[in-house]
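Just below sit the structures, each encoded as structure tokens.
The two complexes that follow have chain A in common; it is paired with chain B in the first and with chain C in the second.
Here is the complex of A and B:
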């Protein structure tokens, strides 16, 4: 009875959503992909060396370090937070892994993950339980991790080398089907990340917290736990990125990761994740990372250009994409 | 078996949620002073009261947001003490807030099942979740795509999704805190249908609304709160509007205002041409074609219950509330719609209801607070003439009898009444033609109240057109030369001359006049 007599509620947009809005929606979510494809095609046409298997593999490997870190950042940003510590944690993870590799593969993996995981745990607890702003807490984390790194390397003058022939080298230098293991790691982690985000209650809780924290709280969702997990994951993945780069370069390079957090954040935002949290895809983040890497590669192809141009171009593209997203979101809403 | 000769007049219903002598205070302010409230299974129970009566506090106690200081809450026969909202929800008490408390960026289906998603192999089973969600919203008579982001739906549809979520957890109690305040009429009808069907399934519903009509449409019983106490509980049918309003305001319909209870003097009308004339103001969901005029030297009272659109009306005149239609004319010149700047320049000033949030700057001195409004005019090429300001401030402090040790004293050190005078002085510096006063005497002590009241009188004497909003009937009846009564965002009645009495005001507030008219029209058909 009720159903039959109830006046229908016509919600504003369904059904009458214009095709224009649909296109806007698609472009807003996949804008980076459009630019990536365009840039890749243009580069293939312009430079003979771009489309070679060797160059593409190099792009994939270079991108894999950033991608792993960006995956963790995606979860943090979707949950409405930010993690500025990833660059330092990444470098610390690399140095610890290089040092640990002298004592075997297990130490080289376990040590950085344990130390960096602990940093993430502390940050997560302070943010979730103490209610402090993530910006400040992870800024402290950035300083702490960088300081720790300088302490154990004599202010950066000691570079730990991975012993020749160590199994640890295989992580980034070994290949499967012509692709370095690190690339496979990225593929597996991103598939897993997508599954976690869209198919587990942890994922929906994270999105709910980022979208409307008060509502998530009132719905009785485990808000604190989701935050803590996000920061621990972010630190662990940053450490993993560090392990990968240590294996790739066979050493613990101390100057890595400075400013990396900003590059990671731009990759995530380029990928369509809202900086305010609540929406986004992990696939988008991967696209964002690749886009930044392709830009770098193209600038390198133009031999005459100063390498600083890559930062300039990345900055411009970030601004354009974010502005376009904002504008398209408005078109979509109409 | 019961004796067949005994007729059962009412179906026996079990109490599902009740409070006994619940008290709650915040920093010495008593919000609840011992409230007994009981909700039966399968009833819609209205909870009404004016501002500060304790409705929201009671709801927060019931839903585990606040813990009571004294008394107890019983749910399904046992005493409960919910530590947090989640605990109350798990027990089966759902709340639907005025502001939808869902996640706009997630899909409808996700919002309904957040935290309780159906799973398969440990992962969320999206097809099942969406199918169940579709069935659920269709049972509510709502036709929406459950995969759509919630934020894309209209507010009414979002409210329905909140209800669907409540249903999906098998709630025994659903508390709706002003769910209709932002809904269109059509959406309200759907909400009511859904509420009735929930009631028929044995759910107990608590319904809070400022739209009195809705109470009779939907509710079975009502509890009236006033000053933190339950002053009336009974069935809705058999209760008249005037009866309900007198319970809310604590007045008998027959009781007349005691003469001289306020400091207001006689009428001081000057001139016939209105300074302010307002016509046909429409604002989404709040105002419907409001019109009024004020002549120089006149104090126009603006009456109405909470949610009737009083504050919204003055805000609209001041340009601070977006309006869709309407005309405001000051001194014969139209004021641009939705522009505070232009309203100010035309000579409109608004003393807002919430002086802490919207007016006073506690850490500035009396002088600086007063001077804020005139700084642009007191400066030449960006340089402020200190001596001119000093002079002006001194004049106003004298005129308004502001009690401060010096113009340099910080405003936060002053009493509420003197803070209010500082604000009034600030506005007077702008030399307004029309002064809109929203609850100018709320929250200040008796002595200061009298001073502010006589100040309002003086302002009118000097030829200002004053619009006065007050929840106190005495203040309105004695202070105003004429009263415009609003109800549900429209002008309900205008009282002046012999009609300017408390009882007439009470009847108009309750909307009995319109009801009588409507009934007559119905018969004509």
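Here is the complex of A and C:
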């Protein structure tokens, strides 16, 4: 992710913009939302079972695991980086939580957060201080976290079970107002994420670093700190996603999270966050996650369709949305 | 990167230059040195390492990575990246059982054509539409793997004699797959080093804007590069299917994009583009294969092997980074 790319569309460009440009800007940022609404309406009309409360709750719960991880990734990408390790860290967090749940709720929560936070800290320090490319560092993190997972599970042959009746199960299986706690966790975290991005100096520093790192450095912004925080947060949130899924499935499944980093990145990109960094919204990411989940759900509703269509449709939608974003950005620049 | 306040004296500059050169030599040739050392280590420590069987097996196992990494090196040279290679391998392999009825040659041709199509799509998205390489190829990767699964379904065995012999027979003691990889390596090296295309590619990767202003055919070169990467990935998929006499669309080529990128980067090609090192890339792939093999020979479990690989990758790139910092 270098800065030697074509001129970016910066959000705050002053001067009179044509109404066409403003519409283009809106559609570019909210394109995924348009598709999401369209898909949801179409699915409600086409399938009786789609709009039921049960199905919608299931979509929300299934999306919550991906959403938590995608929130961390959003901050990393907005800061001009990328985190490929989240899938492995997610799985590692789940396994550690399941193991820890045998020793009480506190261990089940603290252990994965501590271990995965440490992985994020090392990655952040190597990237920020060592100046190594995030792509490579987090690729190594992907291998390392998966290796650690295999190490503590006898090469993947042991699946730790959450003991029956453990308080840990409540995290994902307990409900408040008909919604699982995990969904509430997502709502609270995304609200917090939005506040951090728009209302704190950390948020603006992250955007500045992603927009133009050299300039941010020259302005005296804490560039290194902002990067390290982003990677630590990303790993912590990936671990939290793992904790949630371990509670949901009552076990530490070792094969989870393979390729999840790419699904998370697509959700973030669909949400309108530019991979070059410097721009993006937290809400957009949530929309991107929901869009991917709704596509999965719709393909499940069409009983005759092979589940591999999920991948095909997700991939094609990603390509179409980014092509549209690029085209709209060009319209806007004119 | 260098922030010297006062100009150094001539003697100082001289020693610094010499030390810089020495370090530079290690950094440029580190991958070869590491490869040679690890090879010697295995000769001494590993039983039955220096046998034709073991060595040929290592070479056969590394061929898909080498072929894919060569294409990846070219793409990275343009300041791009191709995440779709693993999915393209699976897609090509999935087509073989479907078209094998028309004969081995036809099936292989169609499989390789798929690489041409996905490569053209990726290249056009990057060069014409202006989508970032990582996003464009990510979309193709996700969709491509899905299509491979749809077409291939379950694991299918391949019994066609032509394809089976391609994967299992040898010429003068050298397996066909290794020969093909060697020919491809020679061709890619020639294209990168001795042709206008190679020079244009490096120029575009170094500074796209300048290349455009200089009137280079930027779009054509970038699209060609992704097409080459796609075709090479498809060939790797065909060879892997031929060797295992089966096509498994779910597993085949999985994580290949990461192995290939690692080989390229360890071989000394910077991710920031503008440089392509073909021999280094091959050495990088061989080094990663040998590291993994060494750990397997000595019964180190998968878990430790993966963690060791992670540390080695970081260390190797750290050394590479130093080179760029000292030369810039």
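Basically, the second predicted complex is superposed on the first by the 318 of 334 C-alpha atoms of A that agree within 3 Å, B and C clash if a C-alpha of one lies under 4 Å from a C-alpha of the other, contacts with A are read in each partner's own complex, and residues count from 1 in each chain.
The rule is simple: a contact is a pair of C-beta atoms (placed from the backbone, for glycine too) under 8 Å apart; a residue touches a chain by one contact, two chains touch by 3 or more.
Note that this is a predicted model, so its numbers are computed, not measured.
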**Prompt:** Which of the two partners, first being chain B and second being chain C, lies in contact with A:216: first, second, both, or neither?
**Reply:** first
**Message:** If we overlay the two complexes on their shared chain A, which of chain B and chain C does A:147 touch? Say first, second, both or neither.
**Reply:** second
**Message:** Quick check for you: in the superposed arrangement, does A:186 touch first (chain B), second (chain C), both or neither?
**Reply:** neither
**Request:** Would you check which partner chain A:200 touches, where first means chain B only, second means chain C only, and both and neither mean what they say?
**Result:** first
**Request:** Decide which partner touches more residues of chain A, taking chain B and chain C as the two options.
**Result:** C
**Prompt:** Where does A:67 make contact in the superposed view: on chain B (first), on chain C (second), on both, or on neither?
**Reply:** neither
**Message:** One more residue to check, A:314. First (chain B), second (chain C), both or neither?
**Reply:** second
**Asked** Shared contact residues on chain A for chain B and chain C?
**Response** 2, 5-6
**Fill in**
Within their complex, chain C touches chain A through residues 79, 81, 83, 125, 129-132, 134-136, 138-147, 149-150, 207-209, 254, 258, 261-262, 265, 271-272, 301-311, 313-314, 317-318, 321, 325
**Message:** If we count contacts the way the header does, which residues on chain A are in touch with chain B in the complex?
**Reply:** 2-3, 5-15, 195, 198-201, 203-205, 207-208, 210-212, 214-221, 274, 278-279
**Complete:** chain A residues touching chain C in their complex are 2, 4-6, 82, 126, 130-133, 135-137, 139-144, 146-151, 155-156, 258, 262-263, 265-266, 269, 275-276, 306, 308-316, 318-319, 322-323, 326-327, 330
**Asked** What part of chain B is in contact with chain A in the complex they form?
**Response** 84-87, 89-90, 95, 101-106, 110, 114-115, 117, 122-124, 126, 138-145, 148, 152-154, 156-157, 160, 165, 186-187, 189-190, 193-194, 196-197
